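Both complexes shown next keep chain A, but they swap its partner, so chain B is in the first and chain C is in the second.
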Partner chain A sequence: MALNKRRFDALIIGAGGAGLNAAIQLANTDARVAVVSKVFPTRSHTVAAQGGVNAALANVLPDNWHWHMFDTVKGSDYLGDQDAIEFMCREAIPTVYELEHNGVPFSRLDDGKIYQRAFGGQSQNFGGAQAARTCAAADRTGHAILHALYQQNVRARTHFFDEYFAIDLIRDDEGAILGALIMEIETGEPLLIEAKATVLATGGCGQVYRTTSNAHINTGDGTAMALRAGIPLMDMEFFQFHPTGIAGKGMLITEGVRGEGGYLVNKDGERFMERYAPNAKDLASRDVVSRAIVTEVKEGRGCGPQADHVLLKVDHLGEEIVSKRLPGIRESGKIFAGVDAVHEPLPVFPTAHYVMGGIPTDPYGRVIVPQGNGEEVVPGLYAAGECACVSVHGANRLGGNSLLDILVFGRAAGLDVIESLKEHRNHRPLNESSVETAMARLTRWDQKGEGISVRALRDEFRKTMEDHAGVFRTEEIMAEGVEKLKALRDKLPEVRLSDHSKVFNTARVEALELENLVDTGIAIAYSALKRQESRGAHSRPDFPARDDANWMKHSLYFKQDDHMDYKPVRTKPLTVETFPPKERVY
Partner chain B sequence: MSSAGQRHAPVNAEQLRWQCRRGMLELDFVLERYLDLHYAAADGAEQVLFRDLLTAQDPELQAWILNGVAHPDEAFRPLIARIRGI
Partner chain C sequence: MKFLVSRYNPDSDAAPYMQAFEVEVPRGMMLRDALLDIKRQDESFAFRHSCGEGVCGSDGVNVNGINKLACITPVSELKEPIEVRPFPGRPIIRDLVVDMTQFYQQYKAVKPWLVRNDPMPEQEILQSPQDRDKLDGLYECILCGCCSTSCPSFWWNPEKFHGPQALLTAWRFLADSRDQATDERLDALEGPYKLFRCHTIMNCVEVCPKGLNPTKAIGHIKALMLKNAV
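For the complex of A and B:
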């Protein structure tokens, strides 16, 4: 049967904040825009972002974009590209106002201006007093943004392909991207979408780890598609972990619990943080607490039948304080761990939260790859949001900058596509061999017979990622992990589906997601093994110091032969002076 | 495919599983848990309520299921209690 084909000016894969903000720029022109999403758009993971979006509006306290830029460069542990950071901090202001005009109901001050709250890592006057920079729509900021952008896109006649799964990018022999092969989940039927420009906006990849706060949809689909198209991933070793997730499940337990007097104990009932951080104890920084928990488990002092977690105690605070100040924690404990925190401790373990790395782009969302001694743009391909790495977060992300990243660079990508469409009025010729390769990825899952199950390989892969590419990163542990992960990758051809039906075969989607998890996870593990320093979220006990002389550079992982390359950090901003590296102290 | 934001209550069991995929891990967990443990044994009326519930927005589900806010329609409350699994 002939493959169905559709043509659009622009194809956007992913319908979170980045994808929808790119789409609305385009849809407001006469461009024909397709948005492909594997779930209904307002169920994208952006909905989970409750904190807010940073912009130096100076509505509550004095502020300006240059101070925001300083905080972001410092927060990145000087690995962020300073031109991209300047761009983001400047563009934050018009981006927030545009969202307001698009109907996002930001919380207000009495004078009618947008309310702004203070967050960690925000300062006035380059490291001075606390700033108040985060704009929020109550505690539903992500949802409010998604909802407003979705409605605006519907109004502007963006064509939504809801519950379609992207199989692979289509490219020609010169490397230009021609669109993508997608599959309708309801029918299992493939559909080829040809586009003059394709934007990857597929979000994060937290599901590569066993314990993650990411929703089940965050399987690294865009990053894996890029890898298979020969594009490297940048700085993938930088992954934020939150020290206290519900053990084995990953839901976040806020740091406020320890702020209210909660503390961690091992199987002996010992308050072990006193050994790791005698002064700050349970309020030490995230990476210190995370590593301490993993160390306790590794050294046999973990709790539970598998000795695979520690306990967070709040029962000593009493029912009144827990119910009044920490009501959400009591509910979470009951629902996800089956314990009432008023009477019993909560089982916790570090949970994978946010990836700073991704598909390398310039500040206009254009995907860039090494070429000779420099770089070149991949024709027809853009990326924005958590799947991308324009490198504004560097080695660590500040609170309130993740929503900002997806919105600013989603918008920038959409605006740049508009310009590129003026120059590229026609579709490039279709490359049938690339279509066949993408189709083979889909039809491979029609193979019948005995084999490994998707779940078995996925569980083993995610556990191996947690044990060998998680918060505890020594040469020995990671080298062993890379070999184990490669061995699991070698088993992928042996995986079989038992259900080969077409209609709503979610097992087939999960098999395709597994391939994406494996490609993306191995990129993380390799990049982490090779970086022999500690910087930001990448913390190595065997190389405990930041090493600017040798490692102030970006990692590039290529799927082909699992090889690594590096490129310099862009330390020159657009218009202001460089912020030179300093020790990062708060 | 939807181009106008219209959603219909799912009927196919696997379609239902896909509707349990949400933007928040917490919702993924409780909805899939209910689907695996209780849905097949639930009576027809409860199954209809569950399918209706899945058409709600994530923050609404979060409020009712995770934060203990009472659903405005009393008919949903026993179902939500089972989904909470406490």
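For the complex of A and C:
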């Protein structure tokens, strides 16, 4: 049977904040844009972001983008690219106003302006007093933003392919990206989409770990597609463990809880963050707070019958604040921990939350790869959001900078695609052999017979990632982990489906996702093994110090032979002075 | 515990049927965890789910006759045997997966976006905290479909009656002090079906997993229509 084909000017894979903010730019022009999403757009995981989006609006306390930039550079442990960070912090302000104009129901101050709350790692005047920079819609900011962006795309008549799964990118012999092979989940039928520009906006990959705040759908689909297309992933060793997941479950309790005055205590009732971060205390950067919690538990000061978590106290804030500012958290606490935060503290422990690394891009969302002594753009390919690495988060992302990243760079990618379409008016010729390779990835799962189940391999892979690429990392633990993970990867060809039906076969989707998890997870573990220093979220007891002389550089992992390459951090901002590396204390 | 789940694969089954599974239920287990356990026993079992915390709205199902979100429904609150079926009144694609096209069409039909005719200010459009409070209980909708697919009026006229979800959204924009399309929105709701097929049966209020009240929103729309007509 002939393969069905469609042609669009632009193809966007993923319908979270990054994909939809790219799409709306394009949809407001004459460009024909297709958005492919494996779930109905408002199910994308942007919907779960709670606390808010950072922008130096100065609605509550004095602020400016330059302070925001300083905090982001420091928070990144000096691994973030300062040109991209300056771009993001400047763009933050118009981006948030644009969101508001698009209908986002932000919480409000008495003067009618957008409500802003304090979040970790924020300061006034380059490291001074706490700032209040996080624009919030109660504790449902991601939901409010995602729905508004979807609504604007409905208005602009964006062409959505809902519940289509992206199989692989299609590329020609020069490496230019020509579109993607996708599969309609309802029918199991493949469809080829040819596009002059393709934007990967597939979000995160938290499902590589067993305990995670991430949704079932966050399986690293875009990062794995890039790897298979020969594109490296950058800084994948930097994976953020959010300090406050509900203990044993992983659902997130926003940093906004601590921003509103909540704090952590150990089994002795001690406010232990005062020991680890005397100034910022509970609002220190996320890597600092996560390590502190793990240390408290390791040293026997954990709470509960298993002494395996700490407590987040909120009850002193009073019912009015909790109900008004943190209603979703009160609800989650009741449902998943059986605790009403108004009366009792919440049991919490770090949970796998966010990958700082991803597909390397420039500030216009264009994917860049090493070439000779320099870099070059991959023709026709963009990436934005959590699957991309610009890099603005470096070794550690600040709370409230994730929504900002997806919105600013999703928008920038959309705008750059519009520019590129003026130059590239025609589709490049299709490359049949690349289509065949992509089709083989799909038909491989039609193989019948005995084999390992998807579930069994996935469970073992995720457990191995948790045990060997988690919060604290030694050479021994990680080297063993990489071997185990590679052995699991070698077993992939033995995995078989028992269900080969066509219609809405979720088992097949999970099999395709498993391949993505394996490729992306190994990128994380391998990059982590190779980096011999502690920086941001990457914490090595055997190399406890940051080593700027040898390691102030980005890592690049290639799937081909699992090889690593490195490139310098871009320390020169666009218009202001460089922030030189300093010891990072809170 | 004993679970009875509805199975249907259009390739091989003439009609849906119920299949029994035994699931071990630890303390704190949610219905989604139980469905995942069933999928572990039989990978061909299909249902939608994603966030696991009641915000993405993927895993609405009918449990012991009532529409619920599986991920925030404790199994301990359910009577055995637990019968899990797809949403009523929607075409079944497979097992618990239904075709929600008409539901989304009704949502899109109420023009669910903010309309401003004035030029945009350089900064935010100002809104008082009191005006913003009017959106509470409206904007939180997650489009799970529990309400509309439990509404008899929507079962009968899914192509003509907007249903509780879309009408809640219509009121979310009518209630927004920033929106400037009140007259157009109200005009578009005229006629015997779109709005007025609501017979205040209130199933929607009973089942909403986010505790929202579409019936009240519908009442507000009717009151505003009346006020504007005078």
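As a convention for this text, the second predicted complex is superposed on the first by the 480 of 586 C-alpha atoms of A that agree within 3 Å, B and C clash if a C-alpha of one lies under 4 Å from a C-alpha of the other, contacts with A are read in each partner's own complex, and residues count from 1 in each chain.
Assume a residue touches a chain if its C-beta (ideal position, glycine included) is under 8 Å from a C-beta of that chain, and two chains touch if they have at least 3 such contacts.
What you see is a predicted model; the values in this text were computed from it and never measured.
Look at A:Y97: by the touch rule set out above, it reaches chain C but stays clear of chain B.
Of the two partner chains, neither chain B nor chain C is touched by A:E494.
When both complexes are overlaid on chain A, the residue A:P105 reaches chain C alone and has no touch with chain B. With both structures placed on the common chain, the touch criterion links A:T42 to chain B and to chain C.
When both complexes are overlaid on chain A, the residue A:D446 reaches neither chain B nor chain C. Once chain A of one complex is fitted onto chain A of the other, the partner contacts of A:E475 are absent, as it touches neither chain B nor chain C. Contact with chain C, but none with chain B, is seen for A:R155 once the two complexes are overlaid on the shared chain.
Counting the residues of chain A touched by each of chain B and chain C gives the higher count for C.
Using the contact criterion defined above for the overlaid structures, shared-chain residue A:I114 touches chain C, although it does not reach chain B. In the superposition on chain A, A:V454 makes contact with chain C only, while chain B stays out of contact range. According to the touch criterion, the shared surface of chain A, contacted by chain B in one complex and chain C in the other, consists of residues 39-40, 42-45, 47-48, 140, 143, 147, 151, 154, 186, 215-217, 251, 328, 331-332, 335-336, 503-506. Only residues 1-5, 7, 12, 14-15, 17-18, 21-30, 57-59, 65-68, 84-86 of chain B touch chain A when the two sit together in their complex.
Chain C meets chain A in the complex at residues 9-12, 28, 39-40, 43-44, 46-58, 72, 74, 93-95, 97, 100, 104, 108, 111-114, 116, 120, 122-129, 131-132, 135, 139-140, 142-143, 176, 178.
By the touch rule above, chain A contacts chain C in their complex via residues 39-40, 42-45, 47-48, 57, 96-97, 100-103, 105-114, 137, 140, 143-144, 147-148, 151-152, 154-155, 186, 215-217, 251-252, 328, 331-332, 335-336, 338, 453-455, 497-499, 501-507, 510.
Taken in their complex, chain A has these residues touching chain B: 39-40, 42-48, 140, 142-143, 147, 150-151, 154, 159-164, 184-186, 212-217, 249-251, 328, 331-332, 334-336, 503-506, 509.
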